[in-house]
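So that you can tell them apart, the chains are marked A, B, C and D in the order they are listed, and the count of residues begins at 1 in each.
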Amino acid sequence: MKTETTLKRGFASDNNAPVHPEIMKAMLAVNEGHTIAYGDDPYTEVATEKIRLLFGKDVCVYLVFTGTAANVLNLAAATHPWQSVVCAETSHIHEDECGAPEKFTGCKLLPVQTDDGKLTPESIATQLYGFNFEHHSQPRIISITQSTELGTVYTPQEIKAITDLAHNKELVVHVDGARIANAAAFLDISFKEMISDTGIDLLSFGGTKNGMMYGEAVVFLNTSLSENFKYIRKQGMQLASKMRYIAVQFDAYLTDDLWLHNARHANRMAHLLAEKAARIDGIKITRKVEANGVFAKIPKEIIHALQKEFFFYVWDENASVVRWMASWDTTEEDVDRFVSAIQNLLSDL
Amino acid sequence: MKTETTLKRGFASDNNAPVHPEIMKAMLAVNEGHTIAYGDDPYTEVATEKIRLLFGKDVCVYLVFTGTAANVLNLAAATHPWQSVVCAETSHIHEDECGAPEKFTGCKLLPVQTDDGKLTPESIATQLYGFNFEHHSQPRIISITQSTELGTVYTPQEIKAITDLAHNKELVVHVDGARIANAAAFLDISFKEMISDTGIDLLSFGGTKNGMMYGEAVVFLNTSLSENFKYIRKQGMQLASKMRYIAVQFDAYLTDDLWLHNARHANRMAHLLAEKAARIDGIKITRKVEANGVFAKIPKEIIHALQKEFFFYVWDENASVVRWMASWDTTEEDVDRFVSAIQNLLSDL
Amino acid sequence: MKTETTLKRGFASDNNAPVHPEIMKAMLAVNEGHTIAYGDDPYTEVATEKIRLLFGKDVCVYLVFTGTAANVLNLAAATHPWQSVVCAETSHIHEDECGAPEKFTGCKLLPVQTDDGKLTPESIATQLYGFNFEHHSQPRIISITQSTELGTVYTPQEIKAITDLAHNKELVVHVDGARIANAAAFLDISFKEMISDTGIDLLSFGGTKNGMMYGEAVVFLNTSLSENFKYIRKQGMQLASKMRYIAVQFDAYLTDDLWLHNARHANRMAHLLAEKAARIDGIKITRKVEANGVFAKIPKEIIHALQKEFFFYVWDENASVVRWMASWDTTEEDVDRFVSAIQNLLSDL
Amino acid sequence: MKTETTLKRGFASDNNAPVHPEIMKAMLAVNEGHTIAYGDDPYTEVATEKIRLLFGKDVCVYLVFTGTAANVLNLAAATHPWQSVVCAETSHIHEDECGAPEKFTGCKLLPVQTDDGKLTPESIATQLYGFNFEHHSQPRIISITQSTELGTVYTPQEIKAITDLAHNKELVVHVDGARIANAAAFLDISFKEMISDTGIDLLSFGGTKNGMMYGEAVVFLNTSLSENFKYIRKQGMQLASKMRYIAVQFDAYLTDDLWLHNARHANRMAHLLAEKAARIDGIKITRKVEANGVFAKIPKEIIHALQKEFFFYVWDENASVVRWMASWDTTEEDVDRFVSAIQNLLSDL
């Protein structure tokens, strides 16, 4: 099975990376004996307590399988179907979840154009009208992604400006944190500073993209919204029977700052790749690199050949822009080999 | 973490058991290098091919996380919201999925009373009317569970009688196979004989309850119904990013008949427990034991004390009936210790 | 257009009757000038105030188009999708709304077998379990039909017994009142006595089946449940633009007890028909006649010929039971002609 | 009841107008005798046949209550929940239906910015990507409004360009025709030329805004999409019991070109109002007037006082733009009185 294909390394996605050995070890360590299924077990208690501690306040935590589910169920917990969710046009919930938010919540999504994947109070405000008018879907949630799908990161001040706007209008703010660790690593601040202190209400706290096998946490900073969540998770088909195996992944992920080491490393590799690639004639880094994503304009002619050696995705075919993601297991050697490959292909043109 | 509680063995559920070592080994073995995410990888191809081979015909296979999801998405693939699903009153889709089938499919479930958890052409027929009458939800699927929630098993002849009825009326038949391995072990027949040759259209092929960590397969015997399933799975929040880890579990599960060994063992332990318990004065086995579940009427007074030593669930509080499930890791020693505990508690009465 | 077919009178349904002239007159009377659309008009205020007065307490009233919508939106207002609705197996919401309740609310319906279309605390109690258990749809509403689909009527004492049970369990009780006028006429009591004083929470107050053209009222006795209803009605596609024409129908319907005269008349005609038919050899009235429906076992051989002269529906083909509905415009002559037709057909056998 | 308020005339909406006398007369004329309920009656057959004839080809026609329902159920008939609908940002389905399309269909709506409420092949094309990629909602329907919410009208050539694009991509095109009569009157062409010959697949054919009391027709030009519509209509709570009263409205509406007279009149009044208002200093008509809507920038100071005398809505508060709708019953005197009122208020500034 270890064909050339399966072992081919690349910059396609942090989802293509394997599971961090420490996390795998933790799963092995609990693989004996019986444990109550569905989350009423001591492993889950330990893991959720560790997550709670990150936020320095009373929060409610529920574990689910996927990032899409964390987002969708989180939105469902805080909405009625006649409400709407303001989000960036490039957000995962709008672009990459096949309409799961609309299907499960019944809500309308209101996509907003942005330059860099980040909403602002001004761009959000364009969607905040029609309150109390029954013909109009009632704005209820502002959803931001941290770090964004374009590799950018909101500062705490930027987040605070959004939550202030939201709370003034009795809206709540959700963070899609599939790559929140990369944002924390970039900003060099705690989750308490980034999330709790800025007034965020709902958080999808990601694990899979930063070294876990599967598992994300739905975190209610605004605990009043979690009241019925156990039913929402079950009806949403996201209640794991053998929950201990998600729980111990989070336990290991949050032990000795493994999450932070992984995220810092991925970010560093992205910055390194961007730096080295930027020096190549014909390659242009199109966005500021903040978290672990690099966007580059490269000659159309080399894309296909380069993809053969290293996985990565084309982001905008017309503009010849590609996306390169670094992950916890990207090595400097990977970067160097990749940069060399680019240079070789360019010199063959 | 290895507290007395977490290691307490019991007969609560096959979901309380750990992961079979061979399966864990397989997950470890692929834990290096990059692999395309979301199922377009060679591991998934191998696993789904192995599943396809079980059925001796062209089938379509999709991997998901949970049994509830396998059922619900399977039903969704074959229905419109204005249709209905006939099922046993005791079926998991009616009793234990918190309304996930109704929420996701929009369909009506039509629960039918049974003696033993098994539908019959006669009991099904009571719900088959109102065809073409737009006021009435149109019957579309008959869903059976194999083995049933009451530990019973349909014979191939019984299944065939149901699919014949269904196909005559242009309905399709779904099998909730969360414990299908236990049924195959009990009947001592192949999946081809039990499922393909009896005309089943849709199958939720379970893994988690028989030694896997997570992962179920949605199998389309009636391949025309699978056309849009990739979108349904994604919108249903059940597309795994790091799919290789589900895939290799199935690979190991289907290698050297591991699935069959596990299921036979669990069944044998259930039969052993039933036999030994039946010999105790004051204990009455209330249902024929076929797969890996045992239902027993035991004195109310001992239930609580017994549960303290061994996990298990009360099935019917008024009737003082309890359910004991054996699993792949149940040992004869577990059975003996459990039977002794019962005897000790009874003698203390 | 006035073909023999369209003018053929019968006992098929109170929906086949025309609009009462007083109601038509009221619609004509407001057919001039401009009125604010969507219900913010003085006609709607007058009509809803008249409805409020019927209940002798503070209630919230919203007008919609159809009985199915009144039921479904009423249920939606009081439920989350992970909850369930207990109802009679013969209830309109279970049998005759093509799954609209499940589709719009996401909830599970729990149909209960009855002898006479009426739920009892005992039969309801069989469905009230699994509280707080996230695997199980949480019982939330008990829905009864008054008068029932089988022509029977709950006494206030019977209703009170159900609301007591419900409120003890923190459930609410909904009444499908598509034919509530017929029940009030039969019991000879006010809506206050039947509905408010018995503790009902939610009512679908029907108009169409008793002389209106279209229009039903959703009445919240439990006003806390109405908070978001304006959005639910709009998203449910039931907000009428030219609302004045529904409003004035209700106004006329509730003026000078028109509703009561119509209902009494329909009931009287049903009783008369039942009495006369019962005297015929070979005809058996199978249910006690209370409201405006008559169920009769008649010889299979005459059904088709009889239907050719008078519309009516077969209720149970195997048992040769038919349903005859009287309406506000049924005449004694209609009854006599119908009875004669039966006699003639029988004598031809 | 005929208070000053209720009879106050205005330019708020064509929904504020009464029912045309010919239509009311038709309703009265059928108000006797029994008719089969739910649409299986000769009146409905006549009405739908008349609608069919408008399109010069085989079409399927279903009557419903409201415009929102016509749109939503029409979209539902042609979509799966994992698909998307491209529409103008100003479209009724996006702005004014409280999320009913998302709730009922499960689909994503993709709002597109426009200058004049009209989509173009270019603006639509920005949303047509991600085909066959399961992470992305699959584009399925392009929905246009004719005449638009901004009072503009698509030419047949413009429509044809859109249907060509759509059909090349295997999409279908829906027309929200709440005001389609006004478009036909403006273009001076038949529905066949505007809709059938341009390749439209789905049409919501409006009646209420042009003189009817209630009732819209769902028209399937692409008849293969109508296969299950009777169930969708019922489950969508839009099957009228006393259907004859919708049917005869359409019958009268389509007799002697009543629809066209009404629409021409409304358009003429809008053009007249625009011309006269444009001559007033301080008033600016902001959009080309094509159908029956007029958009004007007027001094903020006079808005409130003017609304006291004549109903109308503010369209854009910041820009001080208001919307004036003419209807079938608007008179030249209404226009003159309104223009005088504006002049008086302006001279008082």
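Everything below uses one rule, namely that a residue touches a chain if its C-beta (ideal position, glycine included) is under 8 Å from a C-beta of that chain, and two chains touch if they have at least 3 such contacts.
Every value quoted in this text rests on a predicted model; they were computed, and no experiment measured them.
With centres defined as the mean of C-alpha atoms, identify the chain lying farthest from chain D.
Ranked by distance of C-alpha centres from chain D, the top chain is B.
Looking only at C-beta pairs that count as contacts, which pair of chains has more of them, C-D or B-D?
Higher contact count goes to C-D.
Suppose each chain is reduced to the average of its Cα coordinates; what separation in Å results between chain A and chain D?
42
Approximately how many whole Å separate the CA-defined centres of chain C and chain D?
33
If you average the Cα atoms of chain B and of chain D to get two centres, how far apart are those centres in Å?
Once rounded, the distance between the two centres reads 51 Å.
Mind pulling the residue numbers of chain C that touch at least two other chains?
Where chain C meets two or more other chains at a single residue, that happens at 38, 81-82, 97-99, 103, 106, 134-135, 231, 234-235, 239.
Is the way these chains touch best called a line, a ring, a star, complete, or other?
Its topology is that of a complete graph.
Which residues of chain B touch chain C in their complex?
81-84, 94-99, 102-103, 106-111, 134-137
Contact residues on chain D for chain C in the complex?
1-3, 5-10, 12-13, 15-19, 21, 24, 27-28, 30-38, 41-43, 46, 65-69, 72, 97-100, 103-104, 208-209, 213-214, 231, 234-242, 245, 311
Give the list of chain C residues in touch with chain A in this complex.
The contact residues of chain C facing chain A are 38, 80-82, 106, 134-135, 138, 228, 230-235, 239.
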